[in-house]
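Here chain A shows up in two complexes: once beside chain B, once beside chain C.
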Partner chain A sequence: MFVVLTVNAQRGQTFPVWAMGSLSCMVLLAMVLNYGNMLTWQFRAQNAADSAARGLLAAQTTQWNQTLTALHAAAIDEYRIRNILRDLDEVVNGEGGCNGGDYHDIHSCDAMYLNLRGQYMDAVQRYTADALLIHRVATPNQATQIANMNAALTQMQKTGVCGTANGLDCGFTYALVGTQARDDNYLEDVYSDCCTFVVGGGTSSNPKPDLTPMEVEVVACANVSTLIPAFFNTQAPTFSAIGRAAATSIMANQEFMYLGSIVNPTTGNVFQQAEFPEGTSGSAVLANSENDGYYRIDYGGNPDNTWNHGNPAISNGKAAFTYSPANAGLLAATGWWSAMPVPTFKGTLTPGTQFQCK
Partner chain B sequence: MVETAVSLSLALLTLYGAFDLGLMGYFQLQLDGATFFYTHAYASGASDINNVGKFGSQIANLFPSVATANMSPIPQSPPDTDMPVNYTQWGTVTQRYGGASLLRPQRLMAQATYQVAGGTWNALFPAASQPITLSAGNVDARPIIGNHDDDAQGAGFNSSTVYGSLVDPLTQDDQNVPPYYFNFAFMWECTPVSNPPSGSPSPNWNSHGDTCNDPELNSLGLAEYVKDDNYGSAKYPNNGIDSGGTYEAIKYHQQVYAAISSALALYPTRRGNGGIATIWDSVVGSTIRNTIESWDVQNIQNIGAPSGSQLGRQNPLHPLNGCSWC
Partner chain C sequence: MQIGNLHAQRGQALTETAFFLPLFLLLLFGMMWVIQVSVLNERAQVAVRYSGLVSNESDPYDGFSLYAIYNNVGNLKQSASTTCATPPPDAFTNDPTHGAFPGPTSQPFWKPDTGTTTGTCNQGRVQITDPSLTVPMLLIGTDSTASTQKTTTTNLPSAISGLQVNTLSASQNFVNTPDIASIMQCFPQLSSAVSNSLVGETAPGNNPAATAMLPAINPTTSLTLDC
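Moving on, here comes the complex of A and B:
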């Protein structure tokens, strides 16, 4: 008996190789895709934790920025009050260049008194509002700041808020796992007296907790299904995407400035122009060679200012300024607060206890 | 037979190539992950010598195929920034009326490579075998201070001078302080002198009362400050402006000014009936001289140069003078 093997009968011999090979490749592809998916979720978790940690510090930095802003507004008003008081003292005693006419004459001490009195009462009213504002924004302590952070974290995860500009990534559950004051040896001090100031400079500070920059640590976690679907009776596996991030409050900007010296680029004029409270026109009443020098409120000067050349500082080109004040002016020195990342500090955390996964 | 061999070869080659691509994808993903987390950890503070080893070993555990020990961050300049305010408008660093330093995002880049020894091409042509090099890179932002010390350098914010002198905000810079605000408030005053010129309406003014013989530049003790003086909890356990609060000086000053405002409200004119001139010295003038001016440092042009070790402390202002409840 002969068995004839035809050519046609050999067809499909490589089919099992194709099939098994293709299956192997698909499994490998699925594994690689799954690995990529896991990494993507890890990236996303890290970014979510980063944004949460830095965002939460706004509870402290915003309060400080508001306080510093209000302090600055109050300082301008108090400087104005002091100048008006000086002017009042002069015109009541017939000094500074005003004349003895009655209040119909704008050059008279009587007329100037009327203007200065009104300006003074307005300034004190503003100063009172400033003081109340400072009290309101500066009162929350560190415990309140932390409570505000937890409240904000809850709010930013709510449906309708998460996924928007005011919320966090909706894919995760977040936990504020640690807060602490950044009172390490590097935190320096600030001194100022009548005429000189030091910010940092190798000093060491010991502020109360409410005025110490905070560090916070946040965990963002989600249980994510793998791309490998459930098949037969197996359950699709999941993995936990966990992001940990810490941040601290830091001055994003530090500056000093004579308010009547530096030009505001928006207006083209100095930030605080000279004021003439003795009149109502906004310019010098007497228009003498001193431009009402005994009544004018000067917030500083510069070489372009005929009446006040300011108090230029001499820098050593490295880290310090020196100068000899010779003119009136108001200098403000402060900084604007924001957040920056730092290494995590809470050590090993326990899932389910210290943080939950979505 | 030949047909089978050709088909089998093609099948195996294709499958091998696909498998090869899959493996390279796996290694590429490891590289991507390692560079992301390496730059992120480094930019977040792993540059601290205490953290370098820790983060390196952690990343090595996560991405075993990537030689993280060979990775190193490559610092780049921060992206350009815009500083509309010109603090050096009037010339050089020696003529300064202000200055600012900024926290900048310095770009840190890290690269990693991985060589795949084989590959389909190499299997086909062993003589021309070349390793396949996979590479990945990532850039993250490291917070860094530019124009440190209120820009004492007086350099452009995007200049190479500044990029060459960036400092760490937490360990190297004077910007690492609690929140602070203080001011210099200088005001000219015609302060009474002990021997006034004859005939002058008030001591130190000339006979016409329009020229001060010896004006003084005084530094005003304003109440708006938060610095070493009121950082501590011992004297200032509370916040706000009430007694024992950090900003209690503001409330005190407001009370003094408000009392004067109340007095002025009763005297709408300077002279005559209801004129304030008659009671000025006893009611307002005395408050100015006995209380308000006691907050200041007078005639600062005569106090001399400060001692280097006492900068900011040698000639203190006294904004709480006269406060009974502070």
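Moving on, here comes the complex of A and C:
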């Protein structure tokens, strides 16, 4: 009887099972919630670090793009100056079709000389301005670029700037943990061309750092409280959301462009149109194109100049073209710089020393 | 007396089950809800990453070329050329239809509510001119935002199924090297010199006639940044 009573008394004792099951579910729910939150923060941290790393390289890439822009302007004026000097030589010697009248006659060598002289002086003036400009934009070296990166990083995470269109993600503290000249064999470098020509006084194996693409590594870090910090007096620790990202300066586009031959789709004309410095109207003074050929500045190479062969260049109005460079046409060979993500390179980092967490 | 007690305890398990089962189901439902929310939150981060980090690298020809210089001299002014791609809904649905996110299509359990996914991409120029920089810095900012909704299954009681997730979103401002058009438009001293050289003289005297020799001390002051 006693035994029977005990068995019957335990009927319905499912409370402990349900209680433990429900408790387990609650713990599991809290863990899933925290884990999901942690993953989201990790994604966010990685995005923040990638953004900062790529953006900071503008300290180098913009400087180089500015330098190349000014160099291109100087190259145009240099080509122009050389052609005007050729024209001056011709009119001084009474060649190329100009006549012997006085300067009131636009067809006279005297009138053309005056125009060419003025154009020459102006071209030299512009060339001088371009040279000064190159000096101004090319001044910062790699050490200055890195200092500017750190200063920019400080600015972009300031209160009132971060979280806006002018700043980075406010959730993190950022640190520039590493910079180095890129030393690799998988991305084309700037320091040498096909013929091992090396710029800046460096060598192929030891390029000059100031003219070598940089790699930077950035850490974005935040200490994040868990969504359910306390559960039955068990304090869940905060976790660190850490994003590590590296980026490098990369030549985004490389160009070989015959400026006087390829048509600009926007204007319908060649990029650098022919000029007639011997006159003031912007067009040929001499109707005879053969004679005009001696004075015209043609950036694709002057097809009417009998000393030139292989012209005119044939363009299909698009990127591709056919060209026989048999004379002095102007070829712009350049490349433009941007930034791209690369693998991190700093190895193990020490929190609190090399970077801080917000 | 003892027999009476035995009868009183019958049905106790049913009572306890009736008490705990809703709580237990609610917890299970909550777990499913949290998993759905977490996955969609991560996908929101992926969506803005695709918008700001991946897709705006896609067209270097407009952004970085002589073409951009020539279309910003004289009277020409090129519009912004860097791609600003709206965060794609495919990032949430994992739908490979558009080719952006190859892989198996998500099952309905993981998908957000139809038609609730939105994304914005705002592009602008970031100017950092603080004196702590020796050279002012110009950046292109791609501010991307993605958001979506996930309503719980309608098989649950109305009080629960009314629970909606309204703010599954992510936002990130990705900064990058400015394109050539921005450099031409934001550094007026550079733009002016380049324009003069490339356009040449459209009329006599359009450019300064006096020839200035290189000064003894060349200026090293940085260019003015003014977009």
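Keep this in mind: the second predicted complex is superposed on the first by the 272 of 358 C-alpha atoms of A that agree within 3 Å, B and C clash if a C-alpha of one lies under 4 Å from a C-alpha of the other, contacts with A are read in each partner's own complex, and residues count from 1 in each chain.
In this section, a contact is a pair of C-beta atoms (placed from the backbone, for glycine too) under 8 Å apart; a residue touches a chain by one contact, two chains touch by 3 or more.
No experiment lies behind these values; they were computed from the predicted model shown.
Touch check for A:E95: first (chain B), second (chain C), both, or neither?
first
Counting residues of chain A in contact, which comes out ahead: chain B or chain C?
B
Using the superposition on chain A described above, determine whether A:G282 touches chain B (first), chain C (second), both, or neither.
The answer is second: A:G282 touches chain C but not chain B.
Once chain A of both complexes is superposed, is A:L28 in touch with chain B (first), chain C (second), both, or neither?
In the superposed model, A:L28 contacts both chain B and chain C.
Which partner chains sit in contact with A:Q157 here, chain B, chain C, both or neither? Use first/second/both/neither.
Neither: A:Q157 stays clear of chain B and chain C.
After lining up the shared chain so the two structures overlap, which partner does A:P140 touch, if you call chain B first and chain C second: first, second, both or neither?
It touches chain B and chain C both.
Looking at A:W337 after the superposition, I want to know if it touches chain B, chain C, both of them or none. Which is it: first, second, both, neither?
So A:W337 meets both chain B and chain C here.
Once the shared chain is lined up, is A:T179 touching chain B (first), chain C (second), both, or neither of them?
After superposing on A, A:T179 lies clear of both chain B and chain C.
Of the partners chain B and chain C, which touch A:Q66 in the superposed model: first, second, both, neither?
It touches chain C, and chain B stays clear.
Which chain A residues are contacted by chain C in one complex and by chain B in the other?
On chain A, the overlap between the chain B and chain C contacts is residues 13-14, 18, 21-22, 25, 28-29, 32, 35-36, 39, 43, 46, 72, 74, 121, 124-125, 127-128, 130-131, 135, 139-140, 252-253, 255, 257, 264, 266, 332, 334, 337-338, 340-341.
Okay, in this complex, where on chain C does chain A touch?
Against chain A, the touching part of chain C is residues 2, 5-6, 9-17, 19-21, 23-24, 27-28, 30-31, 34-35, 37-39, 41-42, 45-46, 48-49, 52-53, 57, 60-61, 63-67, 69-71, 76, 78, 122, 124, 126-128, 130, 132-135, 137-139, 141, 143, 170, 172-178, 180, 183-184, 187, 189-190, 193-194, 196-198, 200-205, 207-215, 218-223.
Taking the complex as given, what residues does chain A use to touch chain C?
On the chain A side, the touching residues are 1, 5, 8-9, 11-15, 18-19, 21-22, 25-26, 28-29, 32-33, 35-37, 39-40, 43-44, 46-48, 50-52, 54-55, 57-59, 61-63, 65-66, 69-70, 72-74, 76-77, 80, 115, 118-119, 121-133, 135-137, 139-140, 144, 147-148, 151-152, 154-156, 164-169, 252-253, 255, 257, 259, 264, 266-267, 271-272, 275, 277, 280, 282, 332, 334, 336-341.
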